[in-house]
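To start, the structure under review is shown below, and the notes come after it.
For reference, chains read A, B, C and D in written order, and residue numbers begin at 1 within each chain.
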């Protein structure tokens, strides 16, 4: 049994992680940390987990005493605590953005602060197993991807791998409100969010530099990407509609074959027809559909931002790190409705 | 042309009021006030009103210089400014709760503060024209009713008027999120509100003492009322499902006749079958349906909390105050969908 | 390993059942039946189950060849096929209403047709383990309860068991749209359902006679119950707000103690504060909150109509029938959001 | 007073048209037609219009006896009745697609049937006043545009007029469910639509040939347009996110100036920041925001599909036809929330 700690366990990602891990047969959550909820039980903070996770929040991350730590802290916080965890031999999966970049300058330009732990930044492996499975097996530090980045990269990867991208890419992303986190804001106020589709994060959402960083690692210089996220009146779920420019003519059939072939060994990526978001809800699945619309190829990518776009993917990464079957603890299917 | 000022015009009620008044043929909004938005235009604060209301916010209510003032300030604020307005000869329609009580002790028990303007409290007329039309004609100060109170009182009034209530009444109310106002809170955070029906305001919501105060004015000692509001995933709209105990046996037919008869002269109260909330959206209408369910009578009451439950009713009250046809500026029908 | 068949597996309840059973460690779905989808795979009909349930639909229920059959057929259909299953030694859990009544006359009055299998009607055990656990252990035929009936009966049972109910009960129920099934109707058309709260099923919803039938089995003559279901703009979830009349004075504390005590041995009934529906989504849990609102007791009951209100409860019943721990395959927690 | 008839008045577009016309000071609805509701009152079919529109449905369009007819019939129906109306001197605004094409072959390819009234097809003027105001003044027959086409054409027009489009255009459209009409379908079944964002109408939605037809009339050969509509969980409203390829470099400032300038004389087109859909709800407004996202221009276009995308635009066209101020009867502002 792998013993794990969850730091920053009071948010939506932390809660979903605890929910998933409570059923994992080979990973046991032994400690949970959250400064602002110290001494409260998990059930008090996450009533849905009452009796399923019987732990009290601790406040001092110095007391982590496990094989593995999931860090679900906000941006700019993880980088202050991850180093100490690694030094004590704890393997780390960071669900925040601090270790997703290879270039500290890009990090600074994106998050507006110098990186406080550049030595480990270089070591971190980007936690998208479908692209980096081999490197992840021996990683000490995993940078779990952002939700939009996961949906976009899984959709673009077959095109990049076969070097088909030759011009601009438009990514029109639609996300539910849970992606914004548990703190109330004007944008996520129900009366403002429930009856609209609202483009936001313009001109440059923080996930775009993340996407470009990863693409640059796995292929040629990436093309121009126009990335526009929209808040839609859903709680969970992201649908990205992706409009790439390709070098050669494709058909719906050739695209389907390409995607099916690339993801043959990846149990969580499902290639098929136009997806519905509930199929992904609560799961680690990403549904991809690549098709020809008139003369142009279009790729749809659907996942649960708290699932494959967050907590479930962190569990998948833990499975890879510790040599378990990737599917362990993540077998559940999503909803029909 | 009646010249009007709107104080506290930056919230949802204030915005809806400006929207309605912008089409009123006999009332002209000449001044808008809001301390926190002073010098900004209405269009900057309410983009839906750009070009329709071309005014700048002023900050000092001492400068009100109109025939009529609508006060859409939060609880405990109106009572500090209404007196001065009245002293200067301005008639006032207060959309907040400060003047809805006849007994300062009930006000204190409900809102947790002493009333700062008890002399005018005694003078205020409760702005439900269907019950107090005559007294309103000559009122200087109108206490515009709360949204739940409007829906409940209009539903109970025919039973009270005919002295049919003999035992406990259950009011199970369902409201959209705009009733909570424009300030983000944990309860109105989209991820928390969008997938649930949440009872709140327990054990005693503030509209219950308001309802009891009014019933005591128009009938015998009111019965026990159990009032439970629920937040539902809508933005606008309240549906109250009301379960009264009656003295004598009723039928669906006798109930329909009773309600139709009582509201014959009230153009905004519509008696009929089970209502749908969009019919009331953006309007001053309240839809009532009184029917027999098994052995028991049930009354459904539907309105727009920002409409008949707030801003539109304030316009209706203004029409009554100034002797206009009640329907002036309020003719629009609600939506089919 | 218990071998199971699912009949009527193409609807929402059938799909949810397959989803849950795909993870059950002691029950294996060996056959699925649906006349209208014969020869299609489960994945074609329920894309969320692709690769999780690798079976083809069969059309002829005569070919059921398993230890257990879940029957998720519409009303009036089950009673034509259950007898033959029982005769061949198959234990049956019927998710429809056909066997929920003890009196064939009540069935006829409620469903408008004579019961076609009265001999087995008498034998069926009502599948609410919290009330009938002992009788269920040896049952051949289980009548899985309706969604509203489950929510209402679990809320009323502590009051009935302690003989506290002395007068009328109001049940104001709010349900998501999946309860209406997979066939499009005017009431469930998105433009009609998404912006309203709509009372329906009046004057007498079919679950009320079911509730009364069960109450009469476990306590004294039940009181008058006014049951009004409302369609709310959710997909999954039922919240019942229940207003009982009690014989003696209660407090929030005494009510909480009573409910906690009655459900001590029932792992799926959770007693606590005001519940949120996502906590129950996808699970077999029912959240109860009993509290005093002013002078009156109010009980809130929340569950997933496809979970504890349907498919998950059927799995719980199967666990009871075959002597497994009730929680087997039903351990997952619901969502925080 | 212009006397008008509405044919096909029982659907969502017809209902919205009656709602708007009930307040029009210069157009009076004198007749309503609907074969399937003959002899019923408007209030029975559209309860929101009870007392506002006091007419009975007639069944025989031969009895139209007005100056103007709005035809809100389904595709392929209008073309069978419009000719006779014109012959009797009735001016016609057709809200369906039958007269939106200049080329009968494109009509056949798009709607799968030969055009039954080609002589009038040639005469029809496309009812987008912002582009065709002059030609509309004297039109006998107006083809009121489709909802997506209106949103897209108003967004592209400034770029076409200044000949800036040089390469492919992506139109990612998000629509509420009322656009699909009043008849229940699997796609609009609430449980299927409420928790997802669903691309549909692929590979070629019928509004794309309409858009291309109009662009070809007002500019050079239009570029490749990839048009992907998505159903979002809203009832009213369309947001199009449009990604054009332009000939020269633009900035957010230059784009804003361009759009502001082109629409200076068009009171219903509002150019500004990122729009919210409620601002347009129930109105004839289209909100445009043209901005630079990274290196690429993006245009957002928001309207109410039943408003500027349908019934309100039909009223605007009527105003143009009869020489009224375009704004007559369409002054109302949309919602803040």
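As a working rule, contacts are C-beta pairs under 8 Å (C-beta built on N, C-alpha and C of every residue); 3 or more make two chains touch, one makes a residue touch a chain.
All of these numbers come straight from a predicted model, not from anything done at the bench.
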Note = Under the touch definition above, the chains in contact with both chain A and chain C are B, D
Ask   = Which chain pair shares more contacting C-beta pairs: A-D, or C-D?
value = A-D
Key: Most remote chain, CA-based centroid, reference being chain A   = B
Task = Express in whole angstrom the distance between the two chain centres, defined as the mean CA positions of chain C and chain D.
result = 46
Message = Can you work out the whole-Å distance between the CA centroids of chain A and chain D?
response = 40
Message = Give the residues of chain A touching no fewer than two other chains, as numbers and ranges.
response = 12, 178, 191, 195, 233-235, 276, 278, 337
Task = Note which residues of chain D are touching chain A in the complex, please.
result = 168, 170, 172, 174, 191-192, 195-200, 202-204, 208, 224, 226-228, 230, 232-234, 237, 239, 241, 243, 245, 252, 274, 276-278, 281, 291-296, 298, 300, 337
Task = Within their complex, state which residues of chain D touch chain C.
result = 12, 176-178, 180, 182-186, 188-191, 193-195, 233-235
Ask   = Considering the complex alone, what residue numbers of chain C touch chain A?
value = 12, 15-16, 19, 22-23, 46-52, 178, 235-236, 267, 270, 272-273, 275-276, 278-279, 282, 331-337
